[in-house]
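Okay, so chain A shows up in both of these, paired with chain B first and chain C after.
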Partner chain A sequence: MDKQQVVARIATLFETEFEIAPDRLLPDAHLFQDLGLDSIDMVEMIVVLLQKEFGIQLRDSEEARAIRTLGNLHDFVFNEIGKSAAGGSADPRP
Partner chain B sequence: MRFLQSAIFYTAYLLFSLAYIPAAVLLGTPVALLSLSHRSAQRITRWFIHLYGAITVRLAWPWIRFRVVNRSGIAPGEPCLFISNHQSVGDPYLLGLFPYEMVFFANRWPFRIPIIGAFAKLAGYLDVQTLDPQALREKSARLLGEGVALFGFAEGTRTRTGGLGAFHTTLFRLALEAGVPIVPFCIAGLYRIIPRGSAMLRPGTVHIHALPALRPSDFEHLTAHQLKNKVWNLIAAELALLERGTPCA
Partner chain C sequence: MQLKRVVITGLGAITPMGVGPGPFLDGLAGHRSATVSMRDQWQHFCNLHSLVAAPGPDLDEKSVPRQNRRSMSRMSFYGYDAARQALADAFGSESDGRDHFSPGRLGCVIGSTTGSPIALNETFETMLPDRDIGKLTAVKFFQCVSHTVAMNVAQCLGITGTVLATNAACASGLQAAGAAYDLIRLGRQDAVLCGGAEELHPSVTGSFDVLFAASARYNDTPAETPRPFDRDRDGIVCGEGAGILLLEDHEHACARGAKIYAEVIGYHTCASGDHISQSNRIALNRCLRQALANAKISPEQIDYVNAHAAGTIQGDAEEAAAIREIFGDRVPVSSLKGNIGHTLGASGPIELIATLMMMRDNVIYPTLNLRNPAPDCDGIQHVTSTISRPMDTFIKNSFAFGGINAALVCKKMISEPALKNHG
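Moving on to the complex of A and B:
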């Protein structure tokens, strides 16, 4: 999966689950301040949805804690998919 | 001229606060201690805060005028959730112009301000940054059960541009769970009178509109995110109308 596909799938996720208009889904949009997500959105939805959508665990790590913007999230997911693929444990849905 | 107006207002505000706050403590403390219940003590504290806001906004007259419209249909004592935009540090004082016993959702910092923080704690204000979601739900439900109106700035912070920012989902999740009416609340004009980062006042008119309440039957079929967007659209539309009609000197 290339970066553009990751960005597109995350955009769809945000549009459908968080009801956020596509024109607000900019890479530098802050997840809390600009997109209005709260801690419950982050914990209950992003963690679950990212696992469901990409087969990755948003585990408690330095990288995960550093996520502030949508662009950070794109990078994180893309890198995690790469790591999982290299380790042979990834199960990203086609 | 602006400097003079600001100096007069802040001097009056300081003198009033220096007289009012000790008086509130001296009068309120024995009354609260003698009252039979924690509920009564909190009600008294909120009454003092309400009166403080009501008088403070009037100190700005005649340079700053206030136009209050309450179309909410909410009677005093009816539990509900007010959802507002946040234009200025002066916004909380405006609630003194409405006849409700209110409790604010606040960030952590107001609780750290000497005296004001103590009043906020005594009044039972809700710290959204330190309370976990379950505790926030329980405390909110208890307050609503007591007939208190809850008030929150859904953007979480003051506007940086004067426009309406993104809303956070927390309050809408609470409203859905509690099943109480939501009152979209629109403040217009104050951003230009006290812009963020400036203490200098500019003359103008502030419009404070409580829009018709959304009843639970209007939104119980929505998700928290859909409800958030619905309320955002209502406030944004009202704000656009008011901003067009509120020229500021």
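Moving on to the complex of A and C:
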């Protein structure tokens, strides 16, 4: 999966789950301040949605806690998928 | 200590007849039944014999902001809508009421039988196939908890006073009104949004079905059931909805020039303590007498009994016996469950709202489907057709599994705006 595909799938996720219009989904948009997410949304996204969408297990990830912007999230997911493909630390699930 | 007087200043309802108290009253006046066949929806459940129910309306859930909506189930949407109706009724549609109360002085007490049965079902269906907790969403828990309606309504409305959930099955909503009455009487709150909310699910009907307490003989003629007090009654029909009232300190209500539907003058709740599922006429009698004593009135001063009577074989007979022992055949008695089924924890406040409106209109609507009063329900004044007569004081009963009993006594207060507001 290339970076563009990751960005597109995350955009769809944000539109359907968080009801955010596509034109607001800019890479430098702050998840809390600009997109209006809160801590419950972050848990929902990190623990449930990203696992379901990309098959990556992130509950205990320290790096996930550092995500602030949508661009951070794109990079993070892309890297995790890469790690998974290389047999790294991510925990891909079918 | 000088106890406060407590009055009712706002009403809101979602019933199987529709949104708001108006459609509900129209349904009662038109002697309509909201019971429908659930055969298509429920027939795939093995050994579920009762295939009838009284569903509520579908609301526009998307009208609730997402971050409020995500923790709400159908019963919370019902409770929230009814609470907003009650506030709009009390303060006008331009206000949500919060401006009228000091911080922490508006409370919220709403009961239900359980947390959302739909959410509970989804939780276990998601988790159990792989025993995988990780598949649960972060917000599902907030729909499953027993105080889900009370907390969601309080969150949506920014309520910062006392928030309680009175979870006592079919007495939940009337216990909520009673708890609100006590909170205001004691001066702990200036006003409380109170009531109950429920949602339909086959597991709920199934819970009664397995106890032989759900109607199963009228699956092909749903409008014929439930049949409170009738010779041919065969159990309850589950309904869904919400009833929310604004109870308010009388002084507070008068100071803001509120319209007043009635004064709550007495309440009692007690347990039978002898059987988990069967009503007991001695305990019911004690509950009613204690509510009257709390109201400082005699049985002769009651003009109408709004019965719990859900259409069960045993429960209706025990309630009729308790009413007979106290009121004889002098006081009109009817149950509104023939129209809207048994909305369980919401039934107390929903039927209380209807009774307040009957009092307003000087009318008493009959028990629908009561054609042949059963011998074991005899000796009380059954209302079998609409009666036009003044009603100043009434008692509302709710009885629940666990031997939980509740009764609330209300008295009319003359207030012209309130008399003209609804319907």
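Operating definition for what follows: the second predicted complex is superposed on the first by the 83 of 94 C-alpha atoms of A that agree within 3 Å, B and C clash if a C-alpha of one lies under 4 Å from a C-alpha of the other, contacts with A are read in each partner's own complex, and residues count from 1 in each chain.
In this text, contacts are C-beta pairs under 8 Å (C-beta built on N, C-alpha and C of every residue); 3 or more make two chains touch, one makes a residue touch a chain.
Keep in mind that what you see is a predicted model, and the values were worked out from it rather than measured.
Once the two complexes are overlaid through chain A, chain B and chain C clash, as defined at the top of the document. Shared-chain residue A:38: touches chain B and chain C both. In the superposed model, A:62 makes contact with neither chain B nor chain C. By the touch criterion stated above, A:47 is placed in contact with chain C alone, chain B being left untouched. In the superposition on chain A, no contact is made by A:2 with either chain B or chain C. Once the two complexes are overlaid on the shared chain, A:18 sits against chain B and chain C alike. Once both structures are laid onto chain A, the chain B stretch out of 26-34, 170-178 or 188-196 that overlaps chain C is 170-178.
Taken together, the two complexes place residues 18-19, 36, 38, 40-41 of chain A in contact with chain B and also with chain C.
Note for the complex: chain A touches chain B at residues 17-20, 24, 32-41.
Those residues of chain C lying in contact with chain A across their complex are 66-67, 70, 134-139. The residues of chain A lying in touch with chain C in their complex are 18-19, 36, 38, 40-41, 43-44, 47-48, 51, 57, 59. Those residues of chain B that touch chain A in the complex are listed here as 133, 156-157, 165-170, 173, 223, 225-226, 228-229.
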